[in-house]
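Common to both upcoming complexes is subunit A, partnered first by subunit B, then by subunit C.
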Partner chain A sequence: MSTITISNLRKSYGRIPAVDGFSLEIPGASVFGLLGPNGAGKTTTFKCMLGLARPASGEILYDGKPLAPAMFERIAYIPERSVLYDWMTVEEHVEMTRRAFRSFDPARAFELLATFNIDRRRRVRALSKGMRTAVMVALAFARNAEILVLDEPTGGLDPVNQRHVLSLMINEAAKGNSVIFSSHQIGQVERAAEHIAVMDRGQLILQGLVDDLKADRKIVEGIFPDITFTLDGIANDARVARADRTERVVRLLVTGGADEIAERLANAGAMGVRVLDLNLEDIFLYAVSPATSTADVVAKETSS
Partner chain B sequence: MPAVLTVDPRSGVPIYLQIIEQIKRSVALGILQSGEQLPTVKQLAIDLTVNPNTVARAYRELERQQVIETSPGRGSFIRSNGVTESPKVAAEIGRDALDVALREAKSVGLARDEVRELFDAALQRWFPTFEK
Partner chain C sequence: MNYVEWLRVRNLLKIVVIILAILVVLAVVLRISFARYMSPEAWVAHAAMQHGTHETHLTLSDGTKRLILDNPSERTRIVVDDHGYAGRHIVITEPTSSSHSDTDHVNVGSIQVVESRHGTITTTVIDTNGAVPMLYYMLLADIVALIVATILAAPFAREADGHLEIALTKPISRIRFALGTIGADVVGIIAASIITVVAFYLCQLLFESARVDFSGINTRAIAMGIAAPLAWYAMLCAATTWLHRSYGAVLGFAWPVVILIAVLSIINPTNVVALFIHDVAWVLARIIPFSYVQFASPDSHNALIYQGGDFARRLSLEILLFVVYGALAIWKWQRLEA
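Moving on to the complex of A and B:
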């Protein structure tokens, strides 16, 4: 049930800040998706959560308490890069994990390995990237951990096995455990995650319930009969996060009140006013791409 | 039940709303009948591979809209208060669809009379009355 609270986290590698004043609350008993372009700071955040990197400042609390050695038993981690030993067999990794963690269930690990069609006698050297990911997944999900931190847990997996990993995550959440994962496959995050956060250049730029983000964020589009028109101050509404204009077409990214803003746009003289849904990929792309500021559009509006 | 239930997570429509819409539709069509038991939150989450809290949210909302009722320890059921809910739910679905159509007609600048003409033609096509 652990709630994880990250406050004002900072971590630099050399002079480059990887995480730059990042705060986030991750609710327990759910699946949480961390999104962001390459180099956004997701892996660094995970490493700080696991005590594998020491933050320059800030703190990470689990149910209000800092990470302590006793908690490693309760947290399972799949790192972004394989940490398996090339010269060891899959079976030997299961044995090694059994010795390290009391609540690890070797029978469950073998069962999971079988569902991924992995021969336990093979050496890691002989495994493909996807198979190595599957081995790490099997080891992590057999840990009986309360918190699973999964950095790209479907890397290299085929669609069937990707879906299988998502099902395992859902199952953990249904048992009351917490899953925090990152993925570049937005479709997976969209399906399995209840909450998401989007990081960009070390900072939090967007967070919320996936369903609420989709319910609130809409594109309101309208076409004006003439090139000269006035938006009547609509672009200055706090809920209009972004306004783009091409000739007679105006597209507004709104963070709420779509129907009301659509009506105002129609009253301002726009024809064919539509409210368009956004999926998570659209929401993500809008969040990480530089916005045409509303001021620009308004300026354009008055100059044309 | 729902071999009939599917969600499209890539859609811009929130997953919990998709679940609500489909359960209501199933009720309206009589696929789900009053008193019928729904899968548990956990089971439906696993079947659809979506977050359990998302399914729970859909169930809570369906309960608030009086489509289903949940009794602790027994599970969730399609509401059975003597009268079947399906005509009411069917009317709601029809009203919502008409709303969308009329909004679209208005936004492309059709006048009231033109809309009525189109409506009458569509009504005749889908609900034909034969005159001698």
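Moving on to the complex of A and C:
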């Protein structure tokens, strides 16, 4: 069981900060999903974790120790794009991995390749994008690694194989290994991950257990009879994390007391008021979308 | 040894073997088709069939079998001393229309021909089965080794071209990875040299029982013949690691640029601009491994470098260049980011 601690990580490309003061603790024996829009810094974070990119500052510790080459015996990595050698066969990649890692199980790799219907004698250049991903998945999951860092591990895979990869990830966590992965397919993250962190513009903006995040957050939606209405200070309530207002509809993201706030909204003149559960996609979108902020709604209300 | 690099080396060596095998096959065809008309023995046999030729066979006291072909009407005389494995010594005397005197030397592999003209008589002395200087083999091997070195000489840039995530997530240090990579390439370059020598030796064997001269200059040629391609490899390796995004251009332009620098460094400047260019080229030439290699006949007094005390200095410089360029490549490799 390996815990990864990232402290105040900073990495820039030129003048553009890719990761900006990112801190995170990734628990062991779990599936951890790292979410974020394009350019949020997920891949750069992974690269810094693996020593592939040199951070400007910050610290990354594995069970309290900094990364050392020997630790790669315990760490498997799947990058977001194919890094396989086009001119080599799949079998040669298996042999390459066997020579590099003592814990690698070639039989398991061939078994996984067979599951993905990949001919081991084919050269990588003859494989589709999805098949290349599948080869990388097979090589990584046959490593018997304690930590699997997977950057978009289902990219290009068909739904059947995507489901298979998710099962592999859950299986690894059940064995006591740590799986850290990123994906733009939030449904997959919701299905596989116990913990998530959301990054945006290089910073951590949300993290926690998926179930807790979903339980703590509700949407209170109210529809008013016309576009001129006031919220009577509801948006200023500390439990309202965010308020979005579009024409006659107001949507409030609340972190507690949803029923009470719904009642206040009804008292303010809303015709229809609903309290909605959030799924992970809602949580993600609320976290990263540049919305009408609560302050804007309050300001608009004040000015009207 | 780095497995991926070894696969690259192995694939390249396969191509080298195929090309050299084709050359050997061509040599076999040449041997079957033409050799009997081209050999000294064939020439002697042809002379024996000339009308009016008297043929005499003798065995000398040292066991040498002597054949004398005398043709008084043509004023030709051929004496063939057959020393067995040590080869044949053939002396041909014939008339010539030319009246001036001169001497020509021709060496083709193990065959040495000296043709002397004195007045109206030409004397041709042919010695077969002499030892072939290893230098000749090394010159051929060097050409192949340099081509192989040029092709292999971007291992780190190739890894940086989309494979760092594999290369740098192995449980070994970057230095160990780099040394394993360079080691694979060095083995490949030396193997290419050896394969070439073997192939050309086989070609030689097709025509005669070749003996190789490893003495003196030839031994030094082996040392320089290995060191120079390795230093060239290391130089390109360093250049491509530092300019890894355009490593193909570096490899492609390496030869023309080096030849240009070499030419500019030896021209005699006639004006200030030319002098400046010459001086710049001369300085640049100091860091190019080829500057310490010269080619010439082993008989020549003025060139082949592998001579005298100068050889140790030149070989040391080649080794130094290999080490320095290799260290530069590894230093940069340690700083590459995916």
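Basically, the second predicted complex is superposed on the first by the 273 of 304 C-alpha atoms of A that agree within 3 Å, B and C clash if a C-alpha of one lies under 4 Å from a C-alpha of the other, contacts with A are read in each partner's own complex, and residues count from 1 in each chain.
The criterion applied here is as follows: a contact is a pair of C-beta atoms (placed from the backbone, for glycine too) under 8 Å apart; a residue touches a chain by one contact, two chains touch by 3 or more.
Computed from a predicted structure; not experimentally measured.
The superposed arrangement places subunit B and subunit C next to each other on subunit A without a clash. Of the two partner chains placed by the overlay, neither subunit B nor subunit C lies in contact with A:67. With both structures placed on the common chain, the touch criterion links A:174 to subunit B but leaves subunit C unconnected. In the superposition on chain A, A:187 makes contact with subunit B only, not with subunit C. In the superposed model, A:274 makes contact with subunit B only, not with subunit C.
When both complexes are overlaid on chain A, the residue A:166 reaches subunit B alone and has no touch with subunit C. Between the C-alpha centres of subunit B and subunit C, as viewed from that of subunit A after superposition on chain A, lies an angle of 140 degrees, to the nearest 10. Once chain A of one complex is fitted onto chain A of the other, the partner contacts of A:96 are limited to subunit C, with no touch recorded for subunit B. Put simply, more of the residues of subunit A are touched by B, taking subunit B and subunit C as the two choices. Applying the stated contact rule after C-alpha superposition, one finds that A:282 touches subunit B and leaves subunit C untouched.
Of the two partner chains, neither subunit B nor subunit C is touched by A:205.
Applying the stated contact rule after C-alpha superposition, one finds that A:56 touches neither subunit B nor subunit C.
Closest approach of subunit B to subunit C, taken over C-alpha atoms in the A-based superposition, is 27 Å. Contact residues on subunit A toward subunit B in their complex (touch as defined above): 29-31, 163, 166-167, 170-171, 173-174, 187, 190-194, 210-212, 214-215, 266, 271-274, 276-282. Against subunit C, in their complex, subunit A makes its touches with residues 47, 50-54, 69-73, 75, 77, 79, 81, 83-85, 87-88, 92, 95-96, 99-101. Subunit B contributes residues 9-17, 41-42, 45-46, 49-54, 57, 107-109 to its touches with subunit A in the complex. The residues of subunit C lying in touch with subunit A in their complex are 3-4, 7, 11, 162-166, 168-174, 335, 337-338.
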